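One structure is given here, and the rest of the page talks about it.
Note that the chains take the letters A, B, C and D in the order they are written out, and that residue 1 is the start of every chain.
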Amino acid sequence: MPIARVHRIIAQGPDDASGLQAAIASGTIDPAGILAIFGKTEGNGCVNDFTRGYATQSLTLALARHIGEERAKAVCYVMSGGTEGAMTPHWTVFERVDGDGEPGPALAIGRVHTAALAAEDLGRMGQVRQVAAGVRQAMAEAGLSDPADVHFVQIKCPLLTAQRIGEAEARGATVAVRDTLKSMGLSRGASSLGVAVALGEIAEEDLTGALIGRDLGLWSGRASASAGVELLNHEIVVLGMSKGWSGPLAIDHAVMADAIDVEPVRAALDRLGLGAPGQLGQAARDRLVALLAKAEASPDGEVRGARHTMLDDSDISSTRHARAFVAGALAGVVGRTDIYVSGGAEHQGPPGGGPVAVIARKA
Amino acid sequence: MPIARVHRIIAQGPDDASGLQAAIASGTIDPAGILAIFGKTEGNGCVNDFTRGYATQSLTLALARHIGEERAKAVCYVMSGGTEGAMTPHWTVFERVDGDGEPGPALAIGRVHTAALAAEDLGRMGQVRQVAAGVRQAMAEAGLSDPADVHFVQIKCPLLTAQRIGEAEARGATVAVRDTLKSMGLSRGASSLGVAVALGEIAEEDLTGALIGRDLGLWSGRASASAGVELLNHEIVVLGMSKGWSGPLAIDHAVMADAIDVEPVRAALDRLGLGAPGQLGQAARDRLVALLAKAEASPDGEVRGARHTMLDDSDISSTRHARAFVAGALAGVVGRTDIYVSGGAEHQGPPGGGPVAVIARKA
Amino acid sequence: MPIARVHRIIAQGPDDASGLQAAIASGTIDPAGILAIFGKTEGNGCVNDFTRGYATQSLTLALARHIGEERAKAVCYVMSGGTEGAMTPHWTVFERVDGDGEPGPALAIGRVHTAALAAEDLGRMGQVRQVAAGVRQAMAEAGLSDPADVHFVQIKCPLLTAQRIGEAEARGATVAVRDTLKSMGLSRGASSLGVAVALGEIAEEDLTGALIGRDLGLWSGRASASAGVELLNHEIVVLGMSKGWSGPLAIDHAVMADAIDVEPVRAALDRLGLGAPGQLGQAARDRLVALLAKAEASPDGEVRGARHTMLDDSDISSTRHARAFVAGALAGVVGRTDIYVSGGAEHQGPPGGGPVAVIARKA
Amino acid sequence: MPIARVHRIIAQGPDDASGLQAAIASGTIDPAGILAIFGKTEGNGCVNDFTRGYATQSLTLALARHIGEERAKAVCYVMSGGTEGAMTPHWTVFERVDGDGEPGPALAIGRVHTAALAAEDLGRMGQVRQVAAGVRQAMAEAGLSDPADVHFVQIKCPLLTAQRIGEAEARGATVAVRDTLKSMGLSRGASSLGVAVALGEIAEEDLTGALIGRDLGLWSGRASASAGVELLNHEIVVLGMSKGWSGPLAIDHAVMADAIDVEPVRAALDRLGLGAPGQLGQAARDRLVALLAKAEASPDGEVRGARHTMLDDSDISSTRHARAFVAGALAGVVGRTDIYVSGGAEHQGPPGGGPVAVIARKA
């Protein structure tokens, strides 16, 4: 019976694979079982964030020594740039092993790589459909037939650079947007709507390209998308609860309605047996394996009727502001800073809010 | 009998005095009673943050129409730059009126302007002594004889610019530091040690100039200092509880040990009758008049043993990171974003932590 | 007969009117004759650059003491934020006096304020037409009937903020763009096309709203537009050579084809009698009164076939990169750093290039 | 007889080794002959610039396929972060081959790796001495006995991070500075003084640790140092003219006295046969192989008596401002943007200025 194992490793830099190496050397991690590695890397999380590619290259090199280059490259590396505030750069390693764990239901994992996305499809229905198909394929891999059992879908998607735009236009194609930073948002948005379609949250026929990035009333409560300059296709990881899996881990999720709406997260922690008034105590903190969240600046420029300045700041991208602030709100609840808060929540949760997933060791 | 009134007004920009004008027009605020205005303005909070001076100039112009230029200039304008994350730019107006309010003890306010500080005294014992004397004078003004009754001392202090350093060196003087951004930290630190001396938290004889900015084990639990390019002296506002004052307001304080140590703040809210498991509900939120906090990146590069990257980020000042993150942690507790989180907590609370004051309407 | 006088004054900060005060006190400047003040202020030149408004408020206050508030407000304050690189913050004061100067042709000045622009007209034909009408009015004021005699048209135009967009949408209007930083470019572009229409460089019937910000092959060789958050209308200043004016000053202009195309500027200097191989010598430098230029990152991501990274940098706006770089190229030619290089040259000169005006004392 | 070959290759990103691969595949470059690769990469050039390490890892991987990992690692990779303004990310490959080239004197190259530098020696005499010894060794390798024949010494040096400082202090050592960004300047400064000592520009006995980073009247006219987080030792490359070398290339150098002092560079170009009034024409441009320069913000806050704001800007490091501006000044002279302008010129040329080397094909 498959068992999902999740390991959280602090990184000293984008190229720091030493913790991963140590875990492999000590037998804590079996490199052959690694399906995906989520990383928070210390770049700006925007267009020119090369820490994502650097981390991917470094971790791939480290794994290649154990399982060969080809299988090392098949791992899903989902690097989310930006550890603003006191967030801690770290890797979250998702492993699938076979054995006799505690009987399920337990955390189940499925992962898929899509084909490359043409620059002209980015932020349009072509991307929505490609992602929806990929999510269904990943659910099948995880043995998750009921969308209700899916708690989180992490997607790494491409973006447009001045160069990619130039190449597309050179061959007569038009792109959805010429602003490279904006392209990250459109790519995240289209990918998330693809998740919503696959999970039945939105019907594909209710979507058109014109709604992408515009009608923010359309969203998935379980999608998390990060855009990066280092890939041209999608990497999809589906996380859920399955009777077909065993082991010590469980997952649940919540949706924050705005940047300070932490009570739904507290409720999800409670459902996983980590309930507490105020901040988690040490024992509960230790049972928390991963907190995965999305953050964004509310597009209307307000939080609960009070003005914020994130969208008017031309020195710091609003995605960086939002990651720092929401990471503070969530770290205040769980008492840890090695959490995964990813910026840009277009169509991921309601405008200004976002989905949050919690993985914990069962009591 | 004196009554302290505190008004929180959201600002649409550094020059937005319209809310203040409206409150005066409606009689909510008596301009003659204004002692101080604390402002969170949307600049970078660092050396070249001109939103502080712009706000001070704009509010002074607005008040001058009512009480004349001279008295308008006597108001303490404590502008703290930086509304990172979802913090809301706003003014907090401190007013002293006479009348028969509910019997005390109640919030008491004292304020003082010091003389200009010579550039060569900045960050040295000369600044510590000047501030200590100013705090004692402000306590006397507020009728606060026992330092134990003082819950918060807000200080606006000067900084060094390339030009001021040049002038000092031109006359043969040496400055404590030539880095302008660093000068803000030294100025905040020396000012805060001045508060600690005045409140008996540290004995002056235990201090030397060499310890300022270095021995961070020396700190005040009630000092809050902001440095700004727009002033050359200190503006000091003391807040405490006094039997000699009446009115509906009360103040208490807490000390955060690190950037996510929100439980002491929850306890202070509880002591003021705003207790709640998790986030404050609407009723308690409405009774919260002001939350004043200091934030900084822990100098050892870690929070609870986990690495942060704030001190290695050359794109965003660590003060901006810390404000955004701690504002998130505190806004998650109180459910409001119009809170006053000020950066740079040198000698203000333990390293990586900081003092927090809460002003609330009595039940 | 009218005489144009131009004064260049270095500023120690956005609020530094001391140099202006001194020039008035010494009689060098007659405040009654001031038509416009161009300023380079040390903000980021983007959406949240409050140094422009701060400077405008400070200079207005200073002039009001001499000519009263109403006339002080009638002066055109064109504050361009951003003194990247070694550019020097400074004011360029344009004055019109009457007297018997050396016979013309000489520098002639006209200035106009337009009405406020509705948020929904920004970046659309409504803005183009409003500006074209304003330019014709300013030419008439300057006695410039032949567009060929016009060498530079400086325009200060508004931008959209999250709040202004919200207000427009609240009343059912749609704006041309929801990205505030992008709105600055559209506003500059539409304003510049308005200049092109007024100067006969482009026929109005050849323009449509859809071409604004898109067909960059349409441009004016004499327009210079700066967008600022501090105004809602346009301020227009026309500079040209007129037989109807006398005095010691002359103006000419050039168009840079790309960010390093300095030879046309050298040729314009030569036509004004400031010719030199290499950098201007001291004598020529002293005769240079003002250099006014526009800069932008070439939208195709290249300069002479070599890649630049300005459009992919999410830490620093491309407008800041371009100002710093082009200011370096021009300062290398003239040997001065107190030059006026303004960012964002949409429809101002060819893509990646920009117009440059030079004002010099006649030999 | 040794022949020096220098190849300039534009990079599409820090990890783009495709141009190098193509040059090797076509036989233009013999990987066995590569001594050093200088790179301008598109990071911030400050503490958290990971593009340098990413580029080094990527180029090493590419070369290892041809010459094996060990020899690939022996190449000196001098990655200078920061392509502000319109600077073009590119690699400059220095190759030594043997054959019968045109008789010398011609460009000669020597390179050396030093041992790791202890954190507590950084910015102190220990670093000066280690670098001086390394330079002498590199000169010997290049057959350059007379320091007068040396025109440029490029050094890559380490910096301090919060972590390295913590480790040093944990073992009881003290570091020269705790500010990580400042540590880059001290490291560049001490390295450059090491060059000055080796070239006889300064006598070692005239130096003390206290003068490093302080007495900026002490400088080398041929040193260029870049600090990077990715190395702990020094990589030194000496460039000069030697009768013992043959081939088509020549090198000369100049010293800029300030950020706009381009005439000495024009004179150096002239000495190499690339003289021109104004900007280089196409023919001369094509003969220009490499321009290597250092830039910094003048520490006194002025250029030719006019104020600059680079040192007071807390949003953008002064090193980024200076690179953008000086790159503009130099690109305006040579008409190319693929030039190597490196930030931080402490003790490299006079304060505010810096050394410039030019490599050109002989006529």
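In this section, a residue touches a chain if its C-beta (ideal position, glycine included) is under 8 Å from a C-beta of that chain, and two chains touch if they have at least 3 such contacts.
Worth saying up front: this structure is predicted, and the values here are computed from it rather than measured.
Undergrad: Which chains lie in contact with each of chain A and chain C?
TA: In this structure, the chains that contact chain C and also chain A are B, D.
Undergrad: Does C-D or A-D have more contacting C-beta pairs?
TA: When A-D is set beside C-D, the one with more contacts is C-D.
Undergrad: Computing the C-alpha centre of each chain, which chain sits at the greatest distance from chain C?
TA: A
Undergrad: Can you compute the centre-to-centre distance for chain C and chain D, using the mean CA position of each chain? Integer Å is fine.
TA: 38
Undergrad: For chain B versus chain D, what separation do you get between their C-alpha means, in angstrom?
TA: 45
Undergrad: Compute the distance, rounded to whole Å, between the mean C-alpha positions of chain A and chain D.
TA: A distance of 40 Å separates the two centres.
Undergrad: Provide the list of chain D residues touching at least two other chains, using ranges where the numbers run on.
TA: Answer for chain D, listing residues that touch two or more other chains: 12, 42, 44, 48, 163, 307, 309, 312-313, 315.
Undergrad: Under the definition above, what is the set of chain A residues touching chain C in their complex?
TA: 44, 46-49, 161-163, 166, 178-182, 299-301, 307, 309, 311-315, 317
Undergrad: Report the residues of chain C in contact with chain D in the complex, numbered from low to high.
TA: Answer in residue numbers: 10, 12, 42, 44, 83-89, 259-260, 262-263, 266, 277-279, 297-298, 303-304, 306-310, 312-313, 315-316, 320-322, 324-333, 335-338.
Undergrad: Spell out the residues on chain B that touch chain C in their complex, using ranges where they run on.
TA: 12-15, 42-43, 48, 50-51, 53-54, 57-58, 61, 163, 229, 315
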